[in-house]
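Chain IDs A, B, C, D, E and F follow the sequence of writing; residue 1 opens each chain.
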Amino acid sequence: MTAYQFARAAVSQGHEIYRVFFYGDGVLNANSLSISPQDEKNLPQAWHNFLANNEIDSVACVSSALVRGILSSQESKRHKMADMSLCASTQIAGLGQLVDAALQSDRLVSFG
Amino acid sequence: MKRKTLTFVTRYAPYGSNKARLTVDAALAAAVFEQKINFLFIDDGVFQLVQNQNAEMIASKTIGKAIETLELYGIENVLVDGSSLEKRLLTPADFSVPVKVLEAEQLQKLTEDSDVVINL
Amino acid sequence: MSALHTISGSPSTGLLDSCLMLVGPGDGILFIQDGVYYGCPPNHLTVISPDNALFALREDLIARGVLSKLLKQVSPVGYGRFVELTVSYDKVISWS
Amino acid sequence: MKRKTLTFVTRYAPYGSNKARLTVDAALAAAVFEQKINFLFIDDGVFQLVQNQNAEMIASKTIGKAIETLELYGIENVLVDGSSLEKRLLTPADFSVPVKVLEAEQLQKLTEDSDVVINL
Amino acid sequence: MTAYQFARAAVSQGHEIYRVFFYGDGVLNANSLSISPQDEKNLPQAWHNFLANNEIDSVACVSSALVRGILSSQESKRHKMADMSLCASTQIAGLGQLVDAALQSDRLVSFG
Amino acid sequence: MSALHTISGSPSTGLLDSCLMLVGPGDGILFIQDGVYYGCPPNHLTVISPDNALFALREDLIARGVLSKLLKQVSPVGYGRFVELTVSYDKVISWS
């Protein structure tokens, strides 16, 4: 929630977001199957809309995603799993994408 | 793109969470970008360095092994906070890889000289 | 190069002590999430140099019912100011 | 089945993790079983009791509201560790519900008298 | 891993396990889509086999499961989700099942 | 009724202090996962009454390379003994 609100504030001030990198439990925000409690904000849906509307690149850390059962269709195939549960707007990739973002951007802000 | 100085900080014990593993993997991923890389162990992170770990006992990957590959990947600046060692009565002789022990002032200079500090 | 340090755990985590190992003159510290309890009594902040500016995220203070308890040396800030702070310091170091 | 004494212990601040919420929900679920139930706040758990919380600010559910329902569900033994309060300069006047403050000896007796202690 | 090895040791000593209740990140062990790193033990698979072979009742906490995208087919339907990612051997239910287990058993052992 | 307390976090977590609030005479304490570092130097255990038996899970000690550092007042135990301990005390209280 903190990361989401921070990202919105950054965009509204005219900053460009190079990439959102989900890791650890953060990858749950890229899980199309996840459902929020009825009276709480649907954070995965909110992220999805925000990233799509602002055309922001997003990546879910592959090792964090796999152990949490969040698969892209490609990974699904490789591991012979029937189902697919990755939001369309988010790619699965390695930590190199985090390092790349750290190098390409003026600021890296992470939320544990 | 100018060469940047990246400093990875790890403060978690090796197996209680995935965080220790994540930080080592991130540093290994960073090695291929040919930047200047520091890897700093503080707090419980120093437990990652203890020799003779054997995570097969808990059906996991031994993190000491991954740390030993840091140097192979060209990450030579393996640094440890001296006060974190003292608190745990550990010395570099307890570790599986050679490390540089930093005092308070050197730690602050390390941070100041870094373009990016990654503390996951 | 200066840094903004964000702290997101309560005083029970000891995160401030860890953070202070890397804090240099002129760095700023921003308390977010459970970190905002650092801005409440008892005063945990006496170990910090007056040279280091202190902030706490207003939304997190209000959520926890502790905005009125905030120590006077800590400035409450919203998300807009949070973004500005990340720009005005050279880098951001997160403690969680 | 004989009536048992269940004691729930919560030691986490309200919103940093889901653990606080989980423990309150478990106690509310236990209420329907008509056992003797104690609910004990220790350490950062006492922050859950602070009045005037408003988690709408962080798009979450205000946990103070759930705690207020404990009594409605028949859980009258809402207990707080006195030393945890002192460390945080808090008193029952800061809280949204009435609580019983326990000293060290009473805490040990509480544990001893419990059939099950649930500390998630 | 600790909980799994403890449960195996308990069964091998002839104790009866009334129920395994997964909560928090523990529910990931009930996710049929989750994949372990290549050289680590596949813990969800190991749990599944252990529970099936010993006919032990298992429950994944509903609130923990939903936010992590672990759905039973019934919940999938209710929330109009296409995919299903709950291990066949594990039911989704509320915290009442934890309390029931605490009352019915001689010992409750939990692993945070 | 006696209790076996399991502690699964390192000394940095302060879990032992919290646990000791509820420990009574005759209770046992078992260190598991990162909790096994409590059984290593420096001696964190001087605050515990000799009346309370202390154990540490052998598998977790070996995984972390600290079995040889275990303080002598702590007994290393395997999973089999862990199960027996949960039976020999009246209840189990977990600290994580």
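The working rule: a contact is a pair of C-beta atoms (placed from the backbone, for glycine too) under 8 Å apart; a residue touches a chain by one contact, two chains touch by 3 or more.
On a predicted model such as this, the values are computed, not experimentally measured, just so you know.
Novice: Please state, in steps, how far chain C lies from chain A along the shortest route of touching chains.
Specialist: Contact-graph shortest path, chain A to chain C, evaluates to 1.
Novice: Any chains in contact with both chain C and chain F?
Specialist: The shared contacts of chain C and chain F, listed by label, come to B, D.
Novice: Chain A-chain E contact: same residues or different, taking over half shared as same?
Specialist: same
Novice: Please name the chain that ends up farthest from chain B once chain centres are defined by their CA atoms averaged.
Specialist: Farthest from chain B by mean C-alpha position: D.
Novice: By mean C-alpha coordinates, which chain is most distant from chain E?
Specialist: So the farthest one, by centre of C-alpha atoms, is C.
Novice: Taking each chain's centre as its mean C-alpha position, how far apart are chain A and chain E in Å?
Specialist: 26
Novice: In whole angstrom, what separates the CA-based centres of chain A and chain D?
Specialist: Here chain A and chain D have centroids separated by 34 Å.
Novice: So how far apart, in whole Å, are chain E and chain F when each is placed at the average of its C-alpha atoms?
Specialist: Centre-to-centre distance between chain E and chain F: 26 Å.
Novice: Return the residues of chain A touching two or more other chains; collapse runs of consecutive numbers into ranges.
Specialist: 2, 37, 63, 67, 108, 110, 112
Novice: Two-or-more-chain contact residues of chain B, please, as numbers and ranges.
Specialist: 43, 58, 60, 116, 119
Novice: Chain C: which residues touch two or more other chains?
Specialist: Only 8, 12, 14, 33, 59-60, 91, 94-96 qualify.
Novice: Write out the stretch or stretches of chain D touching chain E in their complex.
Specialist: 1, 4, 6, 18-19, 22, 25-26, 29-30, 32-33, 35, 116, 118-120
Novice: Using the touch definition up top, name the residues of chain A that touch chain D in the complex.
Specialist: 1-2, 37, 39-41, 43
Novice: Once bound in the complex, which stretches of chain B touch chain C?
Specialist: 9, 11, 42-43, 81, 83, 104, 107-108, 110-117, 119
Novice: Which chain C residues qualify as touching chain B in the complex?
Specialist: That would be residues 1-3, 14, 18, 21-24, 91, 93-96 of chain C.
Novice: Taking the complex as given, what residues does chain B use to touch chain F?
Specialist: 13-16, 43-44, 47, 50-58, 60, 62, 64, 87-89
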